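Have a look at these structures, which come just after this line.
In the two complexes below, subunit A is the common chain; its partner is subunit B in one and subunit C in the other.
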Partner chain A sequence: MTERMRIEAILRELFEVAARPGVSVAKRAKRGKPLVGVLPYYAPEEIVHATGMLPVGVWGGTADISKANHYFPPFACPLVKSALELAIRGVYDGLAAMMVPCLCESLTFFGQNFRAARPDIPFVPVVHPQNRRSPEGVAYLRAEYQKVQARLEAIAGRKIAPGDLDSAIGIFNDHRRALRAFLEEAPRHPSLVLPGVRHAVVKSSYFMDRAEHAALVGELTRHLKGIPEGESGRGKKVVVTGIMAEPEGLMGLFEDVGLDVVADDLAQESRAFRTDVPDGGDPLERLARRWSLVEGCSLAFDPGKERNRILLELVRRSGARGLVVLMMQFCDPEEMDYPLYRKDFDAAGIPVLHLETEPRMSLEQARTRLQSFAEMI
Partner chain B sequence: MYALGVDIGSASSKAVVLNGGGEVAGQAVIPVGTGTTGPERALREALEQAGIRREEVSRTVATGYGRVTFVGADRQVSEITCHARGVLHLVPEARTIIDIGGQDVKVIQAEPPGLVRNFVMNDKCAAGTGRFLEVMARVLGLEVEQLAGVAETSARTVSISSICTVFAESEVISHLSRGEPMPDVLAGIHQSVAKRVAGLVSRLGARPPLVLTGGVAKNGGVVRALEKELRLEIRIAPSCQLTGALGAALIAREDLSRI
Partner chain C sequence: MSEVQTSKQLLDHYAGQVYADAAAAKAAGTPVGWSTAIAPQEFFETMGLPLVYPENHSAVISARKRALGFLERAEAYGYHADICGYMRVNFGYLLEGAKGDADVPPAPVPDFVVCCNNYCTMIVKWYENLAKELGIPVFMIDMPYNPEGVVDEPRVRYIRAQFDRLVGQLEDLTGRPFDRDRFREVMEVSRENVRLWKRAFEIVSHVPSPANGFDFYNYLTLMVFMRGRPETTEVLRLWIREMEGKIARGEGPFRDAQERFRVMFDGIACWPQLAHTAKVFRSHGINITGSNYPDGWAVQYETGDLEGMARAYASVANNMSLERQVAKRVEIIRQGRCDGAVYHMNRSCKVMDFLTYEAQRRVFEETGAPYITFDGDQADPRVFVAAQFDTRVQALVEMMEARKGDGR
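Entry: the complex of A and B
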């Protein structure tokens, strides 16, 4: 098999996982590992892994909302609303537990609504402190993770053995490094790693064992490095920011209108694996310290607004001609940040497109905006 | 060599043919848009006016909501780029372009020769668009073309507070049933459109001169209400419904010079 054929085979496999996560997850469940649903963001998935269970990303979907309207008002985050709808419809019936970080109001409400709607699925809340850089904040989060560990151990019916959590941290850090290396290499192959493909490679990680995913992505990156750079200059380079590059078809529009995604600052993508778990100390403390190291994320208290600088640097370093903001509808944390970094981008003369997204958005309106932006930059 | 621009909107279809000298040889506006016979009829009418056959067109650029599905275009360009190109051709000093179409409103910051510096569009809501006015005209038992004339006789403006088209329709009906004069209610409808559009303009910042395009630009009542809301003079683009198609034809012509 040639290098290019192997690349295409891996991309096909990951694309399939991202396009049909239910099928992928069901296949892995047959191997005997209990599944734990994990809502965004910054959940200590390493603890789930160490208990012998498989963490599975729960990022909502494109379901028509009907039953979730009983629990949420119309102007609620579509991610959690669709996740609840799917939970009520039974899509998550096979889960051993649902882990829910409470990093925004919507997730907090989701947690309470989920408990009421699906009392049969064990609920594992995770409350991160926003005073996260003080020693007290780290100590608090360590204690919180200790509770999470005890709860997950009870659900799994087994204790985490000494060394298992450190080993899980190693696997997850390796996975983060593998994804970062892939995203570093991807812009050199714009005709092969199209925006939709790039998104699928990252998204697929939420529905696979991290070690398995890291191995595939690592092999993919090695093969990509082994082939000549793809032709450049066809598409216009942009950076995307926001929560996630959904719904399905959105990234296809980027391809249609000639926009190449050369870097991202999405909560589901780069932000999720930008920060490694640091070395030193006991594993729960290491996990807690990771949260204190997170920078430039709307979900993490950022008094100096480092995100503005990080985003500007990302655009400049990647050679992008503009920034596309994929603004999740009714997402307070992202909406709070937007005017601040927008001001800096305007001052720097870097074009910005604000595109509101939601699972059932009109892709035709989005096409006009994206195409106009591509023609403008 | 002829260049053709086709602008297929949600409410109407427009076509402009440019001759080798860059002059308008034919143009047409058909009051039905994408998914109808409108695009084909607009094309036929513009070609007839130019006195040429379809085969004599060397390059076609499609724009508007129906641009992707239009068969026969050499390429498609977004309506934002085309409106900027068309308006700046006609009014080179224009810096802010407001296009109020059938189902969307676009505000464009532009610079010669046809560059888009920035733009905003309305989101998922028909308030402030041509469709909103069509619904209101139906409630009032008027044709859209009659709206401006009737509103001119208003003595005061009856405020319409609902943004949603459906709720605004109910509000208009309740004002009429309470005995409010139709011209006063209509003035309120125009003010409602103007407020919505002015909100979009303020997101970009209004750099004069402001030029209004699209079918709604023919409604003097909306234009006056918008001027009042923005406290700025608004110019109406010549052939205001055709600026998108003109821009598309100009781009087709530029393509030809490069091929």
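Entry: the complex of A and C
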């Protein structure tokens, strides 16, 4: 098999997982692994892994909302609303537990409403501190993770053996490095790693075992490095920021209008693996310290607004001509950051496109906006 | 103050004075802070650092029908119209140059901000932005949400440690030592004010109630602004005496109408349409005798007990589980002897809205008190539709009548 064929085979496999997460997850459940649903952001998935269960990302979907309207008003975040809809419809039946971080109001009250609507699925909340860099913040989060560990052990029916958590941390850090290396290499192959493909490679990680995913992505990156760089200059380079590059079909529009995504600052993508779990000491404390190292995320207390600087640097370093903001509808944390980084981008003369996204958005309207942006930059 | 004044007059006097005092302090070189509404003010009161409360400021602006200009200013700056109206009014006020006038209290631009997230998560972003835009420090007092309704020991230790850190930060800011004796005095005054505040709830529950409609929301200003000051003690004592007098004289809440129905009002008042909502209630003889909102300031702890103080501040109802929020509303409905409940689906306040539907179902199951929900906003006048409100209140009246007719 030539390198190019192998690259295409891996991409097809990951694309398939991202497009049909249910199939991928069901296959893994058949292998006997209990599944734990994990809502965004910064959940200590390593603990799930160490108990022998498989963490599976729950990021909502495009379902028609009917049952979730009994819990959330019309102006609620579409991610949590669709996740609740799917939970009530039974899509998550069979999950051993649902882990829910509480980093925004939508997630916090998703947790409470989920618990009310599906009391049969064990609920594992995680509440991160916002004074996350102080010793007391780290100590608190360590205690919170300890509680999570005890819950997950009870659900899994097995204790985490000494060394298991350290080894899970190793696997997750390797996976983070593998994704970062892939995203470094990807812009050199714009015709192979199209925006939709790039998104699918990352998204697929939420529905596979991390070691398995890291191996595939690692192999993919090696093969990409082994082939000549793709022709450049066709697409115009942009950076995307926001929560996630959904709904399905959105990234295809970038391809259609000639925009290449050379870097991202999405919560579902780069922000999720930008920060490794640091070395040294007790594993729960290491996990807690990871949260204190997170930078430039709308969900993490950031009084210096480092995000403004990080985003500008990302655009400059990647040689992008502009920034596309994928603003998820009704997302307070992201909407609150926007005016401040926008001001810095305007001052720097870097074009910004603000595109509001939601699962049932009109892709044709988005296409027109992206098209004009592509022509402008 | 002259003895002939009513508690309402005194309240208005002190509430107006707050901004003048803050401006005077700032002019004299004392740092002035902006604070979230249920922060542990005790530390700042002890240090003599004046605090102004943007949420209250925005509420006053909204009640005086001046919000729209500020909202539009903030929206033009890039703040989405879906985000909290208080925040948008506040940034609009800053962007307009932070100038007061006859309707807009002159809140001075702060030298520091205090953020305690015990009733709102989005507020962290608001205060982050204030700190960044104004280039000033933010004192973040983080009180993690309690998804299972219990403030556990790690949370208490975390919050207590933040209190200790805050003391050091305030000493650095002012260059003065933290006076522990003064701190005890402030805690004692705060404790007494909370006791009186709770006592006022009990008196309001008398049938007919001596308090009228949104009275609680008015006196709340003091609990927000001056929970640690003797002025609040003075006003609350006077208000309680006035209410006791009305009970003794057999007087109800309205001069021109009987109290026919008593309701729990859930959420923040619809300030831009306060007059309309109050008028419609009064026209049906509906009085508000309970609300989850003013209860948020009933922060109870023992003087000198910092762990207790941490637990009390972390236990504000919005920071609690669904079950605890339901239990609180059931308690309010029972204490206020409410015939029904009115839930404000306040477009600004996701923290309150996102549990409303399940909470109201459970509260109804336990109390049998009929309820309605209406769409409105605490600041943005563009959300409320009078016809919807009027029709729903009419429906509630019919449900409450039917229930009373059943002899319950």
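By definition in this document, the second predicted complex is superposed on the first by the 377 of 377 C-alpha atoms of A that agree within 3 Å, B and C clash if a C-alpha of one lies under 4 Å from a C-alpha of the other, contacts with A are read in each partner's own complex, and residues count from 1 in each chain.
Criterion: a contact is a pair of C-beta atoms (placed from the backbone, for glycine too) under 8 Å apart; a residue touches a chain by one contact, two chains touch by 3 or more.
Small disclaimer: the values here were computed from a predicted structure and weren't measured.
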>> Going by the contact rule set out at the top, does A:Met376 touch subunit B (first), subunit C (second), both, or neither?
In response: first
>> After the superposition on A, what does A:Thr2 contact: first (subunit B), second (subunit C), both or neither?
In response: neither
> Can A:Ser134 be said to touch subunit B (first), subunit C (second), both, or neither?
Replying inline: second
>> Just to be sure I read the superposition right, which of the two partners does A:Phe301 touch: subunit B = first, subunit C = second, or both, or neither?
In response: second
> Between subunit B and subunit C, which makes contact with more of the residues in subunit A?
Replying inline: C
>> In the overlaid three-chain picture, which partner chain does A:Pro351 touch, first (subunit B) or second (subunit C), both, or neither?
In response: first
> If you stack the two complexes on chain A, which partner ends up touching A:Ala76: first (subunit B), second (subunit C), both, or neither?
Replying inline: second
>> With both complexes superposed on chain A, which partner does A:Ser362 reach: first (subunit B), second (subunit C), both or neither?
In response: first
>> Under the contact rule defined above, give the subunit A residues that sit at the interface with subunit B and also at the interface with subunit C.
In response: none
>> Using the touch definition from the top, list the residues of subunit B that touch subunit A in their complex.
In response: 65, 68, 77-81, 104, 115-119, 121, 123-124
> In the complex formed with subunit B, which residues of subunit A make contact?
Replying inline: 351, 356, 361-362, 364-365, 367-369, 371-372, 375-376
> Which residues of subunit C touch subunit A in their complex?
Replying inline: 77-80, 82-84, 117, 120-122, 124-126, 128-129, 131-133, 138, 140, 142, 144-148, 152, 154-155, 157-158, 161-162, 165, 321-322, 345, 347, 350-351, 353-358
>> Considering only the defined contacts, which subunit A positions touch subunit C in the complex?
In response: 70-73, 75-76, 100, 102-106, 108-109, 111-113, 115-116, 123, 125, 127-131, 134-137, 139-140, 143-144, 147, 298, 301-305, 327, 329-330, 332-333, 335-340, 342-343
